[in-house]
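In what follows, subunit A forms one complex with subunit B and a second complex with subunit C.
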Partner chain A sequence: MSVIGKNTPRIDGPAKVSGKQQYASDIIIPGMMYAVTLRSPYPHAEILSIDTSEAEAMGAVCLTYEDIIPVIYNERSVSVPAATYRDRTVLPKKARHIGEPIAAVAADTEELAYKAMQALKVEYKVLDAVYEPEEAMKDGAPQLYDKIYFGDEEVIVKNNIGVVRNIDEGDSVGGFARADRIFEEDFELPRIYHCQLETKGCVAAPDTEGGITVWATAQSIHGNRQLLAQTLGLPLSKVNVKKITLGGGFGSSIQVNTVTPICAALAMKARRPVKLLSAREEDFYSHHKYPSKFHVRIGVTNDGVITAAHVKALIDFGAHQIQPMSFMGCVAGWFASLYKYEGNIKFDGVAVYTNKTPCCAMQGYGNPQINFAIESMVDIICNEMGFDPIQFRLKNYRGTGEEFWGQGPTIRSIIKSCGVEESLVEGSKLMEEWATRGKPEDKHGDILTGVGLARGFHCSGTAGPKEGEVIDYSSALVKVNEDGSIDCVTPVMDHGGGTWDALAKILTEVFKVPLNMVGLSPADTKNTGYDVCTHATRGVYCGGAAVYNAAVKCRDKLLEFAGRVMDEHPCHLEIVENEELGQGFIQVKGFPQKGRTIGEVAKIAQINSWGTAMYAESFRQKNCPPCFTTHFVKVAVNTRTGEITIPKVVIYGDCGVAMNPDLLYGQLIGSFNRGLGYVLYENLPHDERTGKLKNNGLLVDYKMPTAVEMPKAENVIVRHAHTYEPTGPFGAKGIGEAALASVQAAIANAIYNATGIRFTKLPITPEIMLKALQEKGLAHK
Partner chain B sequence: MSKHDITLNVNGKKYELTVNSNELLLNVLRDKLFLTGSKYGCGIAECGACTILKDDESYFACMVPAVAADGWNITTVEGLADGDKLNPVQQAFIDNSAIQCGFCVPGMVVTSTALLRENPDPDEDFVKDYLRGNFCRCTGYVAMVKSVLDAASKMKEAK
Partner chain C sequence: MKNFEFIKAPDVKAALALLDKEKDNAYLVAGSTNAMVDIRAGKVNDRTLIGIRDIEALSGIKFSRGKITIGAGTTISEIAESSLLAKKAPVLFQAANQFADPTTRNSATIGGNIANASPAADTAPPLLALKAEVVIAKKGSKRRVAMEDFFLGVNKTVLEKDELILAIEFSANPHSAFYKVGLRNAMAISVVTAAASVRKDKDGNITDVAIALGSVAPKPVRAFNAEKAVLGKKADEKTIADLMKAVSKDISPIDDVRASAEYRKDIAPVIVKRVFCKACGICPNEGRTK
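Up next is the complex of A and B:
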């Protein structure tokens, strides 16, 4: 029985519930030293000198700017070098945000390392700092950089402007001229933190051949290896990064984590294994989600056709570039792909350096940000012009046959599967309150309820038909063992969503074996081909496709062996399921009378010295299909306290064929929970006098949703659309990042439906809600 | 820094250890006893990833000085199962697909085990409230709450 589309218990379930699953932070090596970083207490300061003598006298090994190879790099290596800005080194000569690592020490115990770190004497020249992008762009503002690099070219930085990205397609002037009404609004989304539960860390062990083995919190082992080889000055063959379970991703490790090259350099200097784990307070200062400001203009005809749209974006990306260039390209792409706009779009983006924590990808790479703006605008348009929100979306959305920008303007594909209509229509039936939601002015009482709708998507990988500015391919080795079981070696990472289970299921389907006959092998950068990264919702669609293609070619080889055994031409043979034998059965097509198990064939091939049925493949998808989501959310606003609760949600996901529906639902529900935090609670304001985070990096002062804030289980209604992606492995595409895209606007639209108050700035905390209710005369005492 | 001799009973095994007065129970469990199932997530009793049991009561191991645990009868996540037979909560987490990255799961199953020892017949609100000290960024909690309720009903049936 095929396991694709069926719920099967997670393969790593027993290890994870019994504490036996190993993460990078669990690696312990005999003779290992513990490392601690010294982090900048200033938001902006030149480092004039670091005196390590006292720390070294305590027995510590120290690493400063003097010890590193001054390679200038970007932590994120997903984009091609020619489309990548580079501005940082392993350790800096100048601190550009509070909490930036500026030196590190390793010692026999963590305590000694900490004391040695405190004994480092640093001479700083403190500089003026700047925190807001508008301020940073003014003449005379403190400058973070004089020059950086774009590809191989030197770039002079003016007014802290890191990247400008403008995109203009069609005829937006003509489009706006044809519109009967033009809507215009400003939106602002906060800086928030991934809060992946495993803090960023690394264990690095030098070997006797001059190389190094590394276990790191990573979404890409090959990305880590390539940067480590560069910063350590080693051949790639001397750097081995091990694939290990990651304690939460959400984009927090799409780049090589800042601590990883530091740990590796310390280990090489000490000639001993070193463990460097971030404390939570340090992790809070390592990477954030991009705070974003948008000005949006949309033109609409009286018939409900969007004729043009223009987005201006201002992005504060902090002290280092972890690709705000591709971030803005993606923002433009998500915006361009949501609706047709009669092909008339304009995007003007500016991304600015500030003395704050650098920003990196966080579930959606600009998608939740711009989706909040556009889907709020659609709600405004429908309310003002009296359009039905579902019909208006169906009239204007980009569906099957339409162009989709999978990763900015250079990665474009054509949509081949689309569950948008099913999700909107069926979802509205499941949210019974949708039809009776009424208008804000009809609502009365202490508790105001409302229902909101928004739709979104994300790409499945970044592999358009034509290669663009992003690298995308994966690799896999598949072999059939002599008893019919299957081994697979692949560098593809799983952040917990179930990617590895999906890969195993793909193998069961090709070889018609039960799930327990398939195993993913331990993997590292030495025994696998390149895989770009598990990001951009590409694990199953791209990583799975590499496994599928290797498996199919391995199967061809096996059938060739079977042809010799059975005296048949391989083209007449097929593998079918045989539950009784517990493994795949090779037969002449349609004739079960004559056949052999795949294990028998593999064994005969071994005994006769024909070889092993195995194949290693490096494979690139040629598409990046959108996976769609739709959210119907019911909210209840307490007009006495400003508290907003969510009594009910309907979530529709379209991931093509769901490899494991329960794991799909888990991703959709988990993303809803994170979206709830993004809309209602999370924010990372800085103290303008000191440059510190106001929560000081403490979890206790960063409110996130817990079990209590979620609706009752029976009121979390999750479904998936019945679609089949023709280019995906067994019809599958992605879901991960799409799952968050439309949560924010759906909740904000519901709050509008409940109160008549339109929030264009997040988060909407109880204080902010209450103040808005008071201003509108809706607050009860 | 003063040193202290302590005895810990962990998962049915007795350990005699010498610890510093500033050493935390979490670090002793992980770095000295190699019981790495208990996780570091925050160090300030906010996330619950380090939760262990002292007898039937749950504690945050990141907040307990090792000297204070002298003589304690401790169960870590590694001690919940009976050999390969998972306890009902662990099994329910698998059956209800409540696991994603899994980093919070050790603390979650330990806390949920304590919950069911305290209240074998909880309702949904009780479970949600009990788990509010355990942070999970992946799952959205719904499947975890269902798991605890499922374990409770399976344990009742088994009686």
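Up next is the complex of A and C:
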């Protein structure tokens, strides 16, 4: 029986629940040293000197700017080099944010390393710092950089402006002129933290041939290898990065983590294995989600057609570029792909350096941010002009046959599967309160309830018919063993969402074997072809497609062997399931009387020295299909304390064929929880005096919602749309990032429905809610 | 990784002797749920941790002649699971059940919670509302301090450097209740907590009342003005309105990373009303939905 679309226990489940799963931090090598980093206590300071003598006298090996090869790079290598800004080195000469690693020490024990780190003497020249993008752009503001690089080209940085990105398509002037009404609003979303379970870490072991083997928290082992080779000055063949389970990503390891090249350089200098793990307090200062400010303008006709839209974006990306360039392209793309706007769109984006933690991808890469703005605008428009929110969306959304921007303006493909209509129509029935939600002005009492709706999506990968700014392909090797079991070697990473289970299921479907007859082999950068990264919700759709492609071509070889064994043309053979035999059965099509098991054919091929049925290839998808989500959320607002609870939610996901519905639902529910945090709880304010995070990097003052803040299990209603993606492996698309996209606006729209208060700035804490209620005269005592 | 020495004390006598010897350097730990955080945050450096977790004599809940005695080393879990306290001192039972999360409750102790003297200590308002007494020992002597006098300020108590809390004692009062507002429902330091205990005569007049709040002043506080507003009266709508008005005179909250002073001033009366009504066994006039 096919396992595609069926719930099956996670293959890595037993290892994870029993604590036996190995992560980078579990790697222990005889003779290994432990490293700690010295992190800048200043938001902006030149490092005049670092005296390591005392630390070295304690037996520690130290790494400072003097020891590294001054390669200037960008930690994220997903975009093509020509579209990548570069501004950093392994260790800096100048600290640009608090918590930036400026030196590292390794010693025989963690304790000694810590003491040695304290013995480093650093002479700083403290500089003025700047924290807000508006301030940073002013003339005379402290400058983080004089020059950086774009591709190979030197760029002079003026007023801390890192990237300007303007996109203009169609005729927005004409579009706005045709509109009967124009709506305008400002939106602001906070800086937040990934809080992935596993903090960033690395173990690096030099070998006797001058090479190095590395285990790191990584979403791409090849991305890590390339940067390490560059920063260590080694040929790629001397650097091997091992694929190892990642304890959660959310985008936090889309780039090569800052500690990884430091650890590798330290190991090379010490000529001993070195382990460097980040404490949570350090991880808090490593990478954040991009805070975003938008000014949105949308034109609408009286009959409910959006005629044009204009988004201005101001992005504070912190002290280093981890690709605000592609981030802004993506924001423009998510915005452009939500509705048709009669093709008239304009985007003006500015991204600015500040003395804060650098921002990197985090579940959605700008999508949750811009979706909050646009889906709030749609709610405003519907309320003001009296449109039905579902009908208005159905009239204006981009669906089957329309163009979708999968990763900014250079990656586009045509939508071939779409569950938007089903999600909106069926979802509204599942949320029974939707029809009776009423208007804010009709609501009374201490507890005000409301229902909100928003829809969103994300791309499944970043491939398109034409190559663009982003690299997208994966590699896989598939081989048939002599007992009919299947091995697969692929560098594709799993963040914990179940990507590896999906890859295994794809193999079972191609070879018609049970799940226990397939396995993913240990993989590293030496034995696999390139894989860009598990990001952009591409794991199953793109990584899975690479496995599917290699499996199908391996199957062709196997059928060729089978043809020889059976004296038939391979084209007349097929593989069918045979539960009794417990493996795939090759037969003449429609004639089961003549057949052999996969294992028999593979064994005969081996005995006759014909070879092993195997195939390895890289594969690029030609589409970036959107996976859609829709959220109907019910909220209850306590007018005495401002507390907001969520009594019920309906989540609709469209991922094409769900490889494992339970894992899909897990992602949708988990992401709703993360969205809840983004809207109601999380924020990372900085102390303007010191440049420190106000929570000092401590989880105790960074509250994220737990299971008890969620609606009761029976009131979390999850469904998936009945769609089939024609270009996906067995009809599959992605879901991971889409699962978050529309949570924010749905909750904010529900709060509006409950109270008549429109929040355009997140988070909406009880305190902010109560204040707004007081201003509106709605607060009770 | 920070440095510290660790010595495990086998009994009270040994603990007191160690305290006497180490003096300033001593740092008592039982559940270590505060100590580990403080060590990680660099607030506690190079101290001698004296472990008292396994001292049996410090643990347990006893009830005799209307008095409840809780050993200082009793874990919050034991309190949260005590059917005796659920009946005889619901205010403390409820607080224990909202304390952090189950894993922290398994480790944290009531003695540690009050000795740490956080303005947000979850067991402090209940103990204040129960008019508890703290039994304190040092080498060669013992003393009792009223809960009300125990806290001096943020992380400051009357405890001397060589002293150890043995137990906490109070009279049972089934008419008592606790309420907490945090930034989320678990593992959250409170934004405001309130606790109340009342006694009524047979006509329903309030003959005795104690109300306490957490996170609204440098230390957990009794709300004497609020108490005055209800003492000798019936718990009717007017009394409750007076109570809510009076609360503002009892508190002096500050802005911190969790909430502003203003927000705390706004919600403290609401929370006090809730606990008072709950302690009186009446349903507060809220929660209606239209």
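Here is the rule we go by: the second predicted complex is superposed on the first by the 781 of 781 C-alpha atoms of A that agree within 3 Å, B and C clash if a C-alpha of one lies under 4 Å from a C-alpha of the other, contacts with A are read in each partner's own complex, and residues count from 1 in each chain.
FYI, contacts are C-beta pairs under 8 Å (C-beta built on N, C-alpha and C of every residue); 3 or more make two chains touch, one makes a residue touch a chain.
This is a predicted model, so every value here is computed, not measured.
Once chain A of one complex is fitted onto chain A of the other, the partner contacts of A:Ala713 are limited to subunit B, with no touch recorded for subunit C. Of the two partner chains placed by the overlay, only subunit C lies in contact with A:Pro766; subunit B stays clear of it. Judged by the touch definition given at the top, the superposed model places A:Glu111 against both subunit B and subunit C. Contact with neither subunit B nor subunit C is seen for A:Val513 once the two complexes are overlaid on the shared chain. In the superposition on chain A, contact is made by A:Lys703 with subunit C only, not with subunit B. Once chain A of one complex is fitted onto chain A of the other, the partner contacts of A:Ala319 are absent, as it touches neither subunit B nor subunit C. Within the superposed three-chain model, A:Leu246 lies in touch with subunit B and out of touch with subunit C [touch as defined at top]. Looking at the shared chain after the overlay, A:Ala265 reaches neither subunit B nor subunit C.
Between subunit B and subunit C, B contacts the larger number of subunit A residues.
On subunit A, the surface touched by subunit B in one complex and the surface touched by subunit C in the other have residues 110-111, 279, 698, 700, 704, 706, 708 in common. Across the complex, subunit A meets subunit C through its residues 36, 110-111, 113-115, 279, 281, 443-449, 636, 640-643, 681, 694-696, 698, 700-701, 703-706, 708-709, 765-767, 770-771, 774, 779-781. If you check the complex, the residues on subunit A that touch subunit B are 7, 9-10, 12-23, 25-26, 28, 110-111, 194-199, 245-250, 277, 279-280, 495-498, 660, 662-663, 665-667, 669-674, 698-700, 704, 706-708, 710, 712-713, 716. Per the touch definition, subunit B reaches subunit A in the complex via residues 20, 22, 27, 30-31, 34-44, 46-47, 49, 76-78, 80-81, 86, 90-91, 93-106, 109, 124, 127-129, 131-132, 134-146.
Those residues of subunit C whose C-beta lies close enough to touch subunit A in the complex are 1-3, 37, 40-41, 101, 181, 183-189, 191, 244, 257-260, 262-263, 266-267, 269-271, 286-290.
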